[in-house]
């Protein structure tokens, strides 16, 4: 059993990590921290976990935690995570960071969109934790920057096409993404009150969301080219799920052939990417609660476009599930362990 | 008072027409027909209308109806409407048809996407009922083809830009639209059951929805150019509302200038188009139950794109409200009559 | 035109008052105050009101407000309202208070459930603003305590039965009520975040909600008897609406007869109470956005019970609409003015 | 591995059985039948099950099925199940029937509320499959009538109190229950369309729902007394979950003592009943997707009532999960096998 801790476990991502880890056959969840709830039983804060997790939240005491665990999940706000990750890393622990602080290869890019990064040395060591692209590097990593929820759905759709060289790099890639509200977190805020979100729909931060540079950089790192990306997020009145509708301009030259064949070749052995037959498009309820990424597409040859649609659960493949997938890889476990939950429909 | 009938009043569009007409100060709703509910009081089928509408549904008897009314709204399925509209037209009634049967200028285009059109002569007489574009023609029309819900939101966003000549016609216009579920109608179907739609999100009919040619034709008729349009509809777990996120490729040549100024000039005197200040984007709850179209935008100069976002209530500005707006114009009434309902938030 | 102000207009009740008053033909809304949003246009805070209300929120400056208006709606938190109401009252303004501060006849009861009441003199002057019971007193009142949302639905169901003397006062009345989430207000709070409420259902404050003594006292004042009331509220994942399922123990002695006849006699001339035919039960969507209270029932003679079910929109008949109804009565206007909005279905 | 079949697997209960059985470590799901979808892959009809269940639906061919399996789940409409269950029983298979056809001990009662029962002999053999009450009998049974969803939540709340003899049998038990919409099934119907249910709430079949006699009979069988039960179901705009608020009249005589102690004694060793601490009430999201029944209560001594609240997932503990729990018991497996899914929150 691998003893682990979750630092900052009182948000939706933290609760989801506990949900998954509590049933992981090779992991022993020992410590969950929360400044706000320190001292209170997990089951009291999250009644869904009554009888599932017997822990109480504790304060953040790194030395004590280090004596208990071999690996740490950090589910903290951006910026806060930088030094916490560093502390555990320096204590020799494997760290999987779910903030944005260790996702960027280019520290300047991080600083342009977030704030100063006080540990550029560690940022340079961290591996971007998208197993379908970086499995080998993750296996060797001691710090994994767990991908953003939106980037996961976009990158999985785009990299196979970019590597094929069939994308017209002179035209922008448009990623029109729609997310459930858990992506906004569990902090009290007027904008995510039930009555503000229910029975309504909106776009926000079009072209200015911080996941846009993350997507762009990973496309470059994974495919070696620098497409222009316009990212347009939207808020959906649902709890979980991201559907990304991606408009891919195809190059005039090399023919793409059958997109399904391209994806099948790329994702042949992947346990968590499900390719839909031609003519079918994903729906978020089909991945709810699971680590799957469903992928479908519609060719639009008259427009020189391929429309690719992916669906993930933002809290699972977009956050906690992918983090556990990374843990499994880092510790040489079977990659699906703890992640075989069947999607909850309806 | 103008005596009117609604033919096929048992769907959501029919119920919405009754809701609006019941409070219209210059309209007297005399007849509502429904094959399914003939003989039953409206208030029994639609309890919201108890005490509001004292009528009972009747069977479709055109001769009797013609003796009662001066104008007719037809809210029938496509194809069924063709001959019904013709019958009332030939009896000298003004007709506003909410199906697709009288929306197309090009009968061949209609037939390519729907079915044979048995009254091409009348189709040629019909006016596309988008008042912001065709007010003068609507005033003279005796048959109005009321626009589709999706096309309303898309066309209002695009025509001002196309007329300015700032759109790059060599690249496709992408209309990524998200609709509430009332757009799918009130017929029993598994796909629109509560549990299939709630807490979920999906794309459907990308590139193959019948509103795509309607949008394309109206852009041509209104702006004189033939942009390529890719239309991608999505289903939102909400009752009402369409949010359209439209990716407009800008031409390299003539500078667009301030998009807000362009829209302000175009919509200066329009009572139902609300332009949002720079930096704000629409939300469907802000138009719920009203005839407004809210419009905002985000420039993306690095991608050569302008992202325009519109929000309408699909049952009001996207159907019944616009139909009543057309009626007002056809009968020389003040255009806002019966349509001043304030949006219902939250 | 009656010039009015809304004090504390930035919550859901405040927004709803603006929505209704903006279209009231005899009211001129002059002032809307908000500590939080002072200086900002209403249309910026509530985009639904763009083009509807041109005012900006102002700070609370009673002297200046008194120069502008003849009547005041106070939509403030409990306790805060006490002195604000007093100030306007002493300046000779009619006041309709939407807090609980002027709802109780028994000041001790108020203090037992809320806090000390610093203006018992004014509390004694205030009239409970349920027009169906207190119309004459409201017409003479200068301070109206606008009823709570839950009490409105419960009291309208119960008073006709209590006045008939058919209720068994030795057994408790059980009011099992289910409310949409707007009843919890617009303050940021974890418990009313979208993800906490959506796709979920819960009971809360069973037997300890402050509306329980309000219901009990009004039943006593209206019917002269003191039934025992158990009030059990629940939170529904919807924006608006309260459905109250009320279990009424019937006395063995005098026969109730046909409950519908009892209600018809009581509510014969009421514009906002809609009685459903035997066998039909209300649904909240049928009253959404309107000032109606729908009422139906099911006899359960084998249990000695009559089950009465009412549906209201908690923001309209349960708050802002009823407040405007009271204003109309206080100023001798036709009672339905400004309140004829048809329910928004679906 | 126990080879099993699901007969009538195309509804929500069927899909849920597949979801659970697909991950059951000791069950091999061999056959799923559906008249409507015969020949189509399960993953095509239920995209959530892609990669999870490789079967295709087949037609109902009992002889062939009997050669494959040792146990059968029947998830058919009432009446249809009677002979299907009989056929498998006579072929020596263990049968767990999820319809109402084998739930009643009193065949006359069944016939009074449903229709004629053609196999009274088998009905007499069937065991009511509520493990917390009937575990020993279930272990010996060859036909189990799986409880209704509403009865499960009501009976688990009531039996411990009835057995204690603390309930006043002269006053009615009121069960005010609120169910998610999946309880209404997956058949196309106007009443369960998204727009009819979303953002709305209603009561239905108060006092006339078929689960009322089921509850009443089981209370009698389990506790030996015949309380009067009034059952009032409501429809909640959510997918899954039943919250039952139960008003229990307490007898004047023997003191109940601490209700928590009563429940703790009764449910001490039950893996799926979670008792909440005093002062906490259940919420359906805390049991979503799990086999738990959460139970809390509020005493109301001034009314002589104890209010008990239970929450279950209607598709799991209220249907498929309980059926699998019964299977485990019938085959001598550990009772929690396949049922350890953690509730999905949010």
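We just call them A, B, C and D in the order they show up, numbering each chain from 1.
The criterion applied here is as follows: a residue touches a chain if its C-beta (ideal position, glycine included) is under 8 Å from a C-beta of that chain, and two chains touch if they have at least 3 such contacts.
It should be emphasised that the depicted structure is a prediction, and the values quoted were computed from it without experimental measurement.
When the contact pairs of A-B are matched by residue number against C-D, A-C or A-D, over half are shared only with C-D. Both copies, chain C and chain D, contribute mostly matching positions to the interface they share, with over half of the numbers common to the two. Taking each chain's centre as the mean of its C-alpha atoms, chain B lies 36 Å from chain C. Chain D has its Cα centroid 39 Å from the Cα centroid of chain C. Spacing of chain B relative to chain D, judged by their CA centroids, is 46 angstrom. Among all residues of chain D, those that touch two or more other chains are 12, 180, 182, 195-196, 198-199, 237-240, 282-283, 285, 288, 346.
If you check the complex, the residues on chain A that touch chain D are 12, 15, 19, 22-23, 46-52, 182, 198-199, 239-240, 274, 276, 280, 282-283, 285-290, 292, 294, 340-346. Considering their complex, residues 171-172, 174, 176, 178, 180, 195-196, 198-204, 206-208, 228, 230, 232, 234, 236-241, 243, 245, 247, 281-285, 288, 298, 300, 302-305, 307, 309, 311, 346 of chain B touch chain A. Listed in rising order, the residues of chain B touching chain D in the complex are 12, 180-182, 186-190, 192-199, 237-239.
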